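Pasting the structures in now, so scroll down.
Each of the next two complexes has chain A plus one more chain, namely chain B in the first and chain C in the second.
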Partner chain A sequence: MKIFTVRGGIHPEYRKDITSEKGITVLPMPATLYIPLQQHIGAPAEVLVVAGDPVKKGQMIARNQGSVSASHHAPTSGRIMEITEVAAPHPSGLPQTTIILESDGKDEWGDLPEPITDPFAVDPKAIHDRVACSGIVGMGGAAFPSAIKLNLGQQKKLEILLLNGAECEPYLTCDDRVMREHADEVVDGARIMAHALGTPRVIIGIEQNKPQAIEAMTRAASTFPNVEVVAVPVQYPMGSERHLVQAITGIETPARKLTADLGIVVHNVATARAVHHAVRFGRPLVARVVTVSGGAIRDPKNLLAPIGAKIADLVEFCGGFAARPESVVNGGPMMGQPLASLDAPVVKGTSGILALTAEEINDRPASACIRCGSCITICPCGLSPVEMSAFIRKDNLETAAKLGVMDCFSCGSCSWVCPSHIPLVHYFNYAKGMLRDQESDRRKNERIKLLAEVRVIRVEKAAEAKRAALAAKSKPAAEAAPSGAAGEAKAATEEKVNA
Partner chain B sequence: MSVVASAKKSGPFAHGFSSVQKTMFTVLLALAPATAFNLYLFGWPAILLFTITVGACVAIEAVCLQLAGKPVGATLADCSAVLTGWLLAMSLPPWAPWWVGVLAAIFAIALAKHAFGGIGQNVFNPAMVGRTVMLISFPVAMTIWVAPHPLFSAGAPGLAESFAITFGGNVPDTMSAASALGHIKTELSRGIPVTQSMSQVPDLMDMTLGYRAGSMGETSLLLILAGGLFLMAKRIISWHIPVSMMGSLFLIAALFHAIDPARFTSGTFHLVSGATVLGAFFIATDYVTSPVSKSGQLVFGAGVGLLTWSIRNFAGYPEGMAFAVLLMNSLTPIIDQYTRPRAFGRNRKGEPLPLEKKP
Partner chain C sequence: MTGILIAIGSLTLIGLTLGTVLGAAARRFAVKEDPLEEELKAMMPGSQCGQCGYVGCAQYAGALAKGEEGSITKCAPGGKVLVEALSAKLGIAADLSALEEKVPEHAFIKEELCIGCTRCIRECSTDAILGANKLMHTIIVDACHGCSKCVPVCPTDAIVMVPYPETVVNWHWPKPERENTQPRPEVVHAH
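Here is the complex of A and B:
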């Protein structure tokens, strides 16, 4: 298959060999699990249990609410201890509502939904419902509720399900191990997803630095003519949805459009495996593979960890710290988030826990920009980081927005390559946050203005009606004459509000 | 709660091994062979002037940093002042007196660099500002060219004699020689056509190896070219500026040479004479003062090439590289604005691309 060139990108030190040969090890069930209500993009789930409730493994303990949300299930059997605020796996370390579950050590499954024996014979809706009630979210890190993405086939005709096994982040090998050890499950999950989406083709994209995964997946896919495994070049950030689509199909997703608009839906390989479990066995998403790595970890591993296990438990199982970690990162070193505390739990989007030494991070104080232009050459989005950061430093966010800062997806290539060690992504994250705030403020103000206008009209109308009623009483013979033009304008404004 | 680390800065938590110091150091390394050979060719006076110029640049940088209240040691360590001094020295007449190097260093570092805010902020190439201000202010001292007198060869000045040359300004008349570009220009002004005067300039072999009169570091083309290719291999510079600059210079020179060989020298002559190769690889490619995008660099390089040729042929000075670079430096911000790359998923105007046909 022809592979198309993708602009820019970098070749960081991958250091995947630290854990690539470490098979998936099951983390012993911790005594206590911490399950946050929000582990995904969208609204937090609604709690279904109270303190003291006994629960079985796989029992739904929080239900999705609103249009974008995901349910959560008990990762083991035990008793609900408390529903309280616990530090979130987020750079702020701020607390969020979390269900605390005390394990009874039995790890007993509860009543699960019936397995769907022939998923290819059922209506796509049934698959979608099963994925939704199994609490599956995108496991590549974005944690977008998968059921919503599987529903895209209802809205438009789709051509390709692209399974993302690129795993372009350095250090991470969890997807690599899943593909090597559970290739059949991944391929089966992908075929089920393709059925739900209505896509005739499945393409599995894997970076060339994972030859064993490519081999295992090719073997697993060999009996299915519509499933194809494609090796893509090792080039960070190949795992970005838009860039992977471009490498494989040659099509550049237009700005403000989704790959689905091109007829391509992208899902992560681990998500496909979770779908396999949910559909074939009725098992919800209660555990995931996490790469625990980095120079400060004594014994790096790939762990199958229950959702809600404290990060400290994982680190301890890996022998603790061999050196002082400069930063502990949730995810890969390029796009991962710094963790404020090891007390935060593993969530559905946790692909890696990296304890990195100062030497690995190689951070230095920023010096002046020498305009070398490397950041422009490597930007996979075709932006001009050097210019944008100069404007952001002057707090001229409007110009930065004109230069396209909102198109930046914070892949980190520019910061990585900068010889002056300028924290470019940090500037862009700041600008994006501020611009989003400004935009939401602007919308809010517009809404308030509109509502105020409507209120004035409503009050006027009421007063007029009153006057008309009075007039009708005093002059019952006279005709009521509403003012035509003003009435139309009011109607238009009201329509706007209702819209 | 066990706080393990401060989460003050967002990622990435990895960094390439590039640094400003490393970049500057690689450029110095690339310059070293050509410099060493040229210092050998022009002997002790050149070595003295080179040392004085680089030393003055570093000293002036230190003073400026101190005055501006910036960290002196840490900034000096980036080697940018050494590089400026080095390139400046290479662009001076090899036997120029000591004060030429010192004054040039003041113009380069204090005026062109620190008055604009220090490293990264200057609009004009500091070394070229130093050279051109000196050329305009002291045209005689800046045009004393000598033929190569290799160290320890017969007729080469000894150390004592060299001190007299550098610190006394006593260049023996018998030793001076004209640069090839200067010779052609003088002869043309006397009404002698290029076809005739070309017979008196060194042949192509001598021009390429460096056995000719010229600025301290510009004559050994092969070694400069090797240094430039080394920088490309190290990905410090890309091909865009050197190729577009030398290409445009060659093309326009060849075109006019074909039209009127008596008035215009050939494209090859323009490539091998003056500071063409040094300028193309080491001066026009200066990061700070050249455009940041590759397409901008093509425009910039072509501009330098065309201006160099125009100045060499129509202006009062025989060599125009430094002027051409400075003129194009002033256009860099505008070139940058018009040569931004196309953003992913958008057209050149920044509008989203139209939706393509499904695969």
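Here is the complex of A and C:
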């Protein structure tokens, strides 16, 4: 298969050999699990349990609410201790509502939905519903509810399901191990997803630095003529869905469009495996493979950790720290976010926990830009980081937005390549946050304006109705008039608010 | 034949005369509309809260457009976004330092103090308070724009203004600190 070239990108030291030969080890069930209500993009789930409730493994403890959301399930059997605020696995370290579950040590499964024995014979809706009630989210890191992505087939004609096994972030080997050890499950999950999406073809893209995974996946896919495994060049950020699509099809996804607009839907390999479990066995997403690595970890491992295990538990199981970590990162070293506390839990989007030494981070004070243009050459989105950062430094966000700062997906290549150590991606993260704030303020102001206008109309109508009622007092025949007018005003208000 | 000509001629004459009169009147009695005022009005939050000291948003916009009002930072609900937009529109340099200290707030009803008098409900210009006579009231935070008009009317001081909490959803990275921490050498001019 022809592979197309992708603009920009970098070749960092991958350091995947630290954990790539270490098989998936099961983390012993911690005594206490912390399950946040918001582990995904969208609205937080709605709590279904109260403190003191006994729960079984796989029982739904929080239900999705709103159009974009995901439900959560008990990762083991035990008792709900408390529902309270706990530090989130987030760079801010701010608390978020979390269900605390005390394990009873039995790890007993509860009543699960019936397995779908022949998923290719059922309606795509049944697969979609199963994925939605199993709480599956994108496990590559973005944690977007998968059921919504599987629904895209209803709205658009789709050609290809692209399974993302690129794993371009240095250090991370969790997807590599999943593909090597559970290739059949991944391929089966992918075929089920393709059925739900209505895509005739499945392409599995894996970076060339994972030959064993490519071999295992090719073997697993060999019996299915519509499933193809493709080795893609080793180039960060190949694992970005837009760039992987470009490498496979040669088409660049336009800004502010989805890959689905090109007829391609991208899912992570671990997500496909979770779909396999949900459909074939009725098991919800309650555990995931996490790479625990970095120079400061004594015994780096790939762990199968229950959702909600404290990061400190994982670090302890890996022998603790051998050196002082300068930073503990949630995710990969390029796009991962520093953790404020080791007490935060593993969530569905946690692909790696990296304890990095000062040497690995290589943080130095920034010096002046020497106009070398490296950041422009390597930007995989074709942006001009040097120019954008100069405007953002002066808080000229409007110009930065015109230059396309919102199209930056924070891959960090520019910061990595900059010889002057200018925190370029940090500027863009700041600018994107500020621009999003401004946008939400603007939307809120618009809504407020509408509410105020509607109120004025209602008050006027009510006053009119009162006058009419006074006038009608002399004529008792027109008794029904005031309530009629008020009702009309209310209907008009509702109409306007709904619009 | 002549009848037709007379009819056409008289109608043309009437048309021309009336047209001239109307045209002259439109010039003579034209209402001067300031497009800037309209534009500014559209930018305002439109909730008529009156915190700027004017009766409503239109009056503040009018005063700004006519140049009677020099300060563009008087609109509290509009916040920093509005000040920046006004500053760009009117070319008035905005003093954002005073504004930045004030974090966005919304009203909050201490429910144990609420007696259900509905006074705040009548005051709220965006219908952000839910409640009924002798029933506890509460604020619909999404609809509240922080004008604080409800605070003084409460007979039991049950309404307070609270800042929006910082959460994992609305948090974003702060601006990187100054890059060059080394002090710059002072430039000495040789005369």
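The criterion applied here is as follows: the second predicted complex is superposed on the first by the 454 of 499 C-alpha atoms of A that agree within 3 Å, B and C clash if a C-alpha of one lies under 4 Å from a C-alpha of the other, contacts with A are read in each partner's own complex, and residues count from 1 in each chain.
As a convention for this text, a residue touches a chain if its C-beta (ideal position, glycine included) is under 8 Å from a C-beta of that chain, and two chains touch if they have at least 3 such contacts.
Here the structure is a predicted model, which means the values were calculated and not measured.
K.L.:
Once chain A of both complexes is superposed, is A:91 in touch with chain B (first), chain C (second), both, or neither?
P.N.:
It touches chain B and chain C both.
K.L.:
Contacts for A:215 in the overlay, against chain B (first) and chain C (second): which applies, first, second, both or neither?
P.N.:
A:215: touches no partner chain.
K.L.:
For the overlaid complexes, name the partner, chain B or chain C, with more touching residues on chain A.
P.N.:
In the superposed model, B touches more residues of chain A.
K.L.:
For A:184, select first, second, both or neither according to whether it touches chain B, chain C, the two together, or no partner.
P.N.:
Neither partner.
K.L.:
Considering only touches as defined above, state whether A:354 meets chain B (first), chain C (second), both or neither.
P.N.:
First partner only.
K.L.:
Figure out whether A:368 sits in contact with chain B (first) or chain C (second), or with both, or with neither.
P.N.:
In the superposition, A:368 touches chain B and chain C alike.
K.L.:
Of the two partner chains, chain B (first) and chain C (second), which one does A:104 touch, if any: first, second, both, or neither?
P.N.:
neither
K.L.:
Return first, second, both or neither, reflecting whether A:426 touches chain B, chain C, both chains, or no partner chain.
P.N.:
After superposing on A, A:426 lies in contact with both chain B and chain C.
K.L.:
Give me the intersection of chain A's contacts with chain B and its contacts with chain C, in residue numbers.
P.N.:
In chain A, positions 91-92, 367-368, 423, 426, 429 sit in both the chain B and chain C interfaces.
K.L.:
Spell out the residues on chain A that touch chain B in their complex, using ranges where they run on.
P.N.:
7, 10, 12-13, 87, 91-93, 157, 159-160, 170, 242, 249, 251-257, 261-264, 312, 325-329, 333-343, 354-356, 360-364, 367-374, 376-377, 379-384, 386-387, 402-404, 407, 410, 412, 415-421, 423, 425-426, 429
K.L.:
For a test of understanding, state which residues of chain A touch chain C in their complex under the given definition.
P.N.:
These residues of chain A touch chain C: 38, 88, 90-92, 94, 96, 365-368, 392, 395, 422-423, 426-427, 429-430, 432-434, 436-438, 441-442, 444-445, 447-449, 451-456.
K.L.:
Report the residues of chain B in contact with chain A in the complex, numbered from low to high.
P.N.:
Touching chain A: residues 1-5, 7-20, 22-23, 75, 78, 80, 118-121, 287-288, 290-294, 297, 336, 340-346, 350, 352-356, 358-359 of chain B.
K.L.:
So in the complex, the part of chain C that touches chain A is made up of which residues?
P.N.:
Listed in rising order, the residues are 45-48, 77-79, 81-82, 125-128, 142-143, 145, 166-176, 179-182.
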